[in-house]
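Dropping a structure here in structure tokens format, bear with me for questions.
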Amino acid sequence: MTAPSREQVLVEALPYIRRFRGSTVVVKYGGNAMSDDLTSFAEDVVLLHAVGIKVVVVHGGGPQIGALLQRLGMESHFVDGLRVTDADTLDVVRMVLVGKVNRDIVAALNVHGPVAVGVSGEDANLLQASPTDPKLGYVGDVSEVHTGVLDRLLAQDLVPVVATIGVDEDGQSYNINADTAAGAIAEALHATKLVYLTDIEGIRRDVADPSSLISTIAADELQSLIADGTVSAGMIPKVASCVAAVKGGVHKAHILDGRVDHALLLELFTDSGVGTMVTP
Amino acid sequence: MTAPSREQVLVEALPYIRRFRGSTVVVKYGGNAMSDDLTSFAEDVVLLHAVGIKVVVVHGGGPQIGALLQRLGMESHFVDGLRVTDADTLDVVRMVLVGKVNRDIVAALNVHGPVAVGVSGEDANLLQASPTDPKLGYVGDVSEVHTGVLDRLLAQDLVPVVATIGVDEDGQSYNINADTAAGAIAEALHATKLVYLTDIEGIRRDVADPSSLISTIAADELQSLIADGTVSAGMIPKVASCVAAVKGGVHKAHILDGRVDHALLLELFTDSGVGTMVTP
Amino acid sequence: MTAPSREQVLVEALPYIRRFRGSTVVVKYGGNAMSDDLTSFAEDVVLLHAVGIKVVVVHGGGPQIGALLQRLGMESHFVDGLRVTDADTLDVVRMVLVGKVNRDIVAALNVHGPVAVGVSGEDANLLQASPTDPKLGYVGDVSEVHTGVLDRLLAQDLVPVVATIGVDEDGQSYNINADTAAGAIAEALHATKLVYLTDIEGIRRDVADPSSLISTIAADELQSLIADGTVSAGMIPKVASCVAAVKGGVHKAHILDGRVDHALLLELFTDSGVGTMVTP
Amino acid sequence: MTAPSREQVLVEALPYIRRFRGSTVVVKYGGNAMSDDLTSFAEDVVLLHAVGIKVVVVHGGGPQIGALLQRLGMESHFVDGLRVTDADTLDVVRMVLVGKVNRDIVAALNVHGPVAVGVSGEDANLLQASPTDPKLGYVGDVSEVHTGVLDRLLAQDLVPVVATIGVDEDGQSYNINADTAAGAIAEALHATKLVYLTDIEGIRRDVADPSSLISTIAADELQSLIADGTVSAGMIPKVASCVAAVKGGVHKAHILDGRVDHALLLELFTDSGVGTMVTP
Amino acid sequence: MTAPSREQVLVEALPYIRRFRGSTVVVKYGGNAMSDDLTSFAEDVVLLHAVGIKVVVVHGGGPQIGALLQRLGMESHFVDGLRVTDADTLDVVRMVLVGKVNRDIVAALNVHGPVAVGVSGEDANLLQASPTDPKLGYVGDVSEVHTGVLDRLLAQDLVPVVATIGVDEDGQSYNINADTAAGAIAEALHATKLVYLTDIEGIRRDVADPSSLISTIAADELQSLIADGTVSAGMIPKVASCVAAVKGGVHKAHILDGRVDHALLLELFTDSGVGTMVTP
Amino acid sequence: MTAPSREQVLVEALPYIRRFRGSTVVVKYGGNAMSDDLTSFAEDVVLLHAVGIKVVVVHGGGPQIGALLQRLGMESHFVDGLRVTDADTLDVVRMVLVGKVNRDIVAALNVHGPVAVGVSGEDANLLQASPTDPKLGYVGDVSEVHTGVLDRLLAQDLVPVVATIGVDEDGQSYNINADTAAGAIAEALHATKLVYLTDIEGIRRDVADPSSLISTIAADELQSLIADGTVSAGMIPKVASCVAAVKGGVHKAHILDGRVDHALLLELFTDSGVGTMVTP
């Protein structure tokens, strides 16, 4: 079997391009899946944008936050595995997410031209939040998504890059789990696709068995895998968000291996899907 | 040297896609270069359109006109190599261009979805014409291009396919040379590119010597090749239109070999240009 | 009784002009009713347009198709009175309708300025079709009308002239009965009026008795005239379309004598209605 | 010679309708030319509007003002033939123009549907004024025309009816000569036509000789007729405004006999022009 | 207690400005409450407008109408306390309301710049009316409010000033009670506030007892005060309109003392409400 | 002299409100002038916005940057009084400006409702930069201002809050002096006013003499005060930017004492100007 010619590859991408043109895709990036080199990720997002897909990037930044807290000598306390976030910690979280990770992603995308704009979930009440649990301080849940600012940026043919800081009605900010925020945004935008770029290959029926990787699974069945403990703790926010988003109207949710170069392109524009796809 | 992976091909097309996105490309097709199978041509045009290029297709149909005239037993007289066009002949020309060739191209494009709309140069005075020479009957030159109808279709994200029948101020129709019409349309639209798909490889310095194929040439120099007889008679309308269009503001004009599958894609989206490019 | 002065005639037209201004009128023309001289028809349509009526012209071209088939020596086979249409015949039908009759009507209208634009039912899937009967080849029924292209042209203050070639989902074209197509278009556009210009005076209760001409008839009663055989075979598509259109929301349908000069004006702008009017 | 049929009359109006469609016509009405029965005038204006002409009606109301002043026992003083207008008189002028004449004209037009809207020259500074002469009190000249309010009403397909009260920068109102105001408005709107409906037949070379009625005259020549005293005093504002308007870009100015029923229709839509036409 | 500084006053107005910005306030003015000096009223309206409130002013003019009728020696007959309005009287009513009171209010507002536009209830059928009682002649009730003209003026950032002349379907005008018209307009516009500027302090539970002034009252309770005769005859149109408007969706209705300078500002922008507020 | 009543204060603000409504005001805040309590500043900005002024806030954050660098134990080197900014320092600068100071100002404004949106000078190439001096690392000068993002936010009735990070054509970020950036933005926006909130009273002719405070000064004269050394080093960026902005078309520039509560309100809405005003 010989390799396809360049023009064949382009022509074979045509049906995918036509199918997704004008549709909305929310991509969760960052955290452990975010490599030092953003080049491959940026090329994928810019190519999606160039062929007419409305892309929204949502990111967290756990490792980067941890690193700055450590440099500042600020110790974190954890309750049920969640970092207790006091006012000082929140300041650091916000500086890192809004002032560093967000800007780095925006800058990487804008190497290809002025396509990306950084947004904090606080802007225009994008991510309206309420406290998760008094014991956790300024950790919040998304109570509502106001998509106005995203709608406007997408209408201007721009790629919004969202830092997941939320805000309550009194103007108090909260640290929001980025996986959950991405799902809520995808649902609110009636996105066609919600894609998690992670540092795993996908979901396995048996965590220990690479051959048990699930290629396609219905939302209901996936929910039962959470219930019976098959899905590991760290993956629960992503997986639960996939289930919720698909049940809330998102056409397809994907958990892809962000460590593979151009994972987004492979998934969207070729027959060789990578990772796990969740269907209604 | 190994073949590039699919994702590499797509990523390498990115700078081209970004460069041409939103720009206008006029493609002259038809005549001898038009094969029975429009599939490859249609895929190229639809892909250009899908990545945000404003494409206008202009076509003639000499061989198809000749065939119908022959079936009808209508003999043609020629003056200086141009077919004398009386009212009956014009009726046949119009039926073939507007009612057959135009519809065939539109249909081939619309296999990929409703992207193409057929237009006659008579519509909304698109191609305003005046008689070339009384001896030739209803053979006309383009005196003005009214781009209104093209502007509207392009604004609606559609691909206009133009049959080159012109019309004068009294509503009389004329048969217009499609090569010249394509150049005039490109100039009037301030197109970025004007592309002729022909049945030759490109322009040669020495017609007899395939190795003398010109890859890039400035408009002024090309004009001197017409003057000194290097360019053959049949190519003169195309070549002169390239020169005029580039001098009139079109960025680049191309004479490509339409017999090569996906010649348009190769020229626009890869480094391997094909045929001859005319620069200012 | 003296003739009214010019200014009286104009003033008496005022209530009609005000009543129909902004409303949509679909006019079926062509076939046997189409005379060699399109002047009177064109004046009427342009006057309707000038006073703010949205006019859509729909045409067939049976006699002209028959003439070209004969010149080409192509024999037609008939099944149940309908011409079997193979691929070659369809090519001829399309050339005549789109490339000749349509252009002739457009040209006659545009003598008064650039008001008319030719449209094939294939454009933007205007007339979506399915095969009527496998034995008939590419003869189709209208399965759906996509009015997008008409809406846009009407919004731009233009008169669409529709050639009744339909298209199915695979891009295959079909020959569509123009009477039926006109009715379907009127219904889809929620037209105020549907007018058939024919070569008869109107509908008679007794075909043999000129004095039995029906001036006004309700759709239900007209339907019963079809059922009891009063309506002659050749008139059934028109009459059945009138009934269907009025039942589908068109306010009034008319069968007028297109051989009378300015029949449209007389019907719309004076008290002297001509022909038969069908009411809900 | 037999009278033309109704449909012939309508068809003969077509070229006029097409010529004036979308153009702006300013009609000065009122004063002595305004009869008790506004029916014929209203029909003409509504018909012009119905065929797509942008009509602006400008009116004065000298006789009606005189009548109310008399009923109130308010005596008028005249300086150089112009009524001295003190604050009380201005109140009466404004009540009559804005509160009576304007409303009567608007009501007569709106019998045909909601087409007319009353406007005072004070609205949105339409007629910006400065005092003509301190001795005359609140009599003003038009120093500038702000067409904003007219533009908006015309864009909404309405007929503005303008009472000629002006206003200065301090909000003080002035009584403005309606003939002059009509000319200034026509010039500011770049009108195609300015029409004065008067109580004379037109302009005569010899006032005493009905056969010396001028049918067409150039602005320059007309100006010389003012200079040499041929034009009578009462006609000077109209005639001078015609000259100024035509020199300022209005295509044609007309002085018509408003006592003839449907004078406007006869002038605009038939070959039988009435009165005097001023050309550049 | 010292007086607040200027900046404190401005800052304390901020929450009110933000609350009412973009909301619609209908203000009934005129009649007995209208003083000779419109300065304070005009400043208030222009300030409301300047901070982004959509203000509609509605006015009557009973005393001014009475004065002109008297000057003209026209006697009025009364039936059940309502003036019988024949055609001549209606002419006077219209001249005074449209040609004097309306223009005076518009002029007072426009001293601050071109913010106000005069409107008659006849314009574009704003106040559609039907006769109240044949014995009263041209006295009408509002049967429908067509807010089109107000919507357009408000959208253009203008203040409509409405003279309460209504019109029926045949174009006949009617004299409309301004209090009732203001309520109907407020309801039709879904106004936030309806404010009556009157010549009393507000509503008292005991007319004779100044200390019984009602500060806030629910619509239902107020209705019972009409029923039990507590509300005096002259106040009934205002009070009944307040009740109807609040029940019809207006958030709050106010009866303020228009004799207090800047009563509108005090009510809207400070904590010191004046007069009586009606709540749902 | 008694204090003015509340309604008097509001009415006296009216001419200022009307004068500045719709105009653009750029306010430089932050640095030493930024107090811990943003309440008074936020109230002023929100009030300006509420009365229809287009406000743009530009901020730096020197002290806050210094504090975080110190906590992280990062030493700064200075060349000619400017901090050498290496990649790590730039990261800290960006985190503090974009992730802390900007968010704090946005949050303080949004306590009054969703009016403010944070923007980095990197967004959509707002502040295009080039390196000031290779020795200083990533310290940049503004080479161009692309106001697109500000225009859009202002058109949506929002208050942009700009962190002064610039970006060059390769996507590299730079630390930009906020005083200079504010001037450049005011000039690019054709602002009516440019206001510096500082921690001094204004400009003195003699720094040591409080009584020499300059109330109003022409740009040319102010320039000469820089030249002759009257203006102290720390004030030079502000003062030079005032001069440049006023020469570049900004109507007025102000240096106000930001330590005075509501300094902005006092300057814009009362006769008691504070600080120094620079005129053309």
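The chains carry the letters A, B, C, D, E and F, assigned in the order they are written, with residues numbered from 1 in each.
Heads up, the rule we're going with is that contacts are C-beta pairs under 8 Å (C-beta built on N, C-alpha and C of every residue); 3 or more make two chains touch, one makes a residue touch a chain.
Please read all numbers here as calculations on a predicted model, not as lab measurements.
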{"item": "Third chains touching both chain F and chain E", "value": "none"}
{"item": "Touching chain C and also chain F, the following chains", "value": "none"}
{"item": "Chain D on chain E, rotation in degrees - Cα superposition, rounded to nearest 5", "value": "180"}
{"item": "Interchain centroid distance [CA atoms averaged], chain B/chain E, Å", "value": "69"}
{"item": "Interchain centroid distance [CA atoms averaged], chain C/chain E, Å", "value": "57"}
{"item": "Contacts with two or more other chains, residues of chain D listed in rising order", "value": "none"}
{"item": "Arrangement of touching chains [line / ring / star / complete / other]", "value": "ring"}
{"item": "Chain ring listed from chain A, with chain F in second place", "value": "A, F, E, D, C, B"}
{"item": "In the complex, chain D residues that touch chain C", "value": "2-4, 6-14, 17-18, 21, 43-44, 46-47, 50-52, 112-113, 261-262, 265-266, 269-270, 272"}
{"item": "For the chain A and chain F complex, residues of the former touching the latter", "value": "71-72, 91, 94-100, 102-103, 106-108, 110-111, 114, 117-118, 120, 122-125, 149, 152, 156, 158, 165, 167, 170-171, 173"}
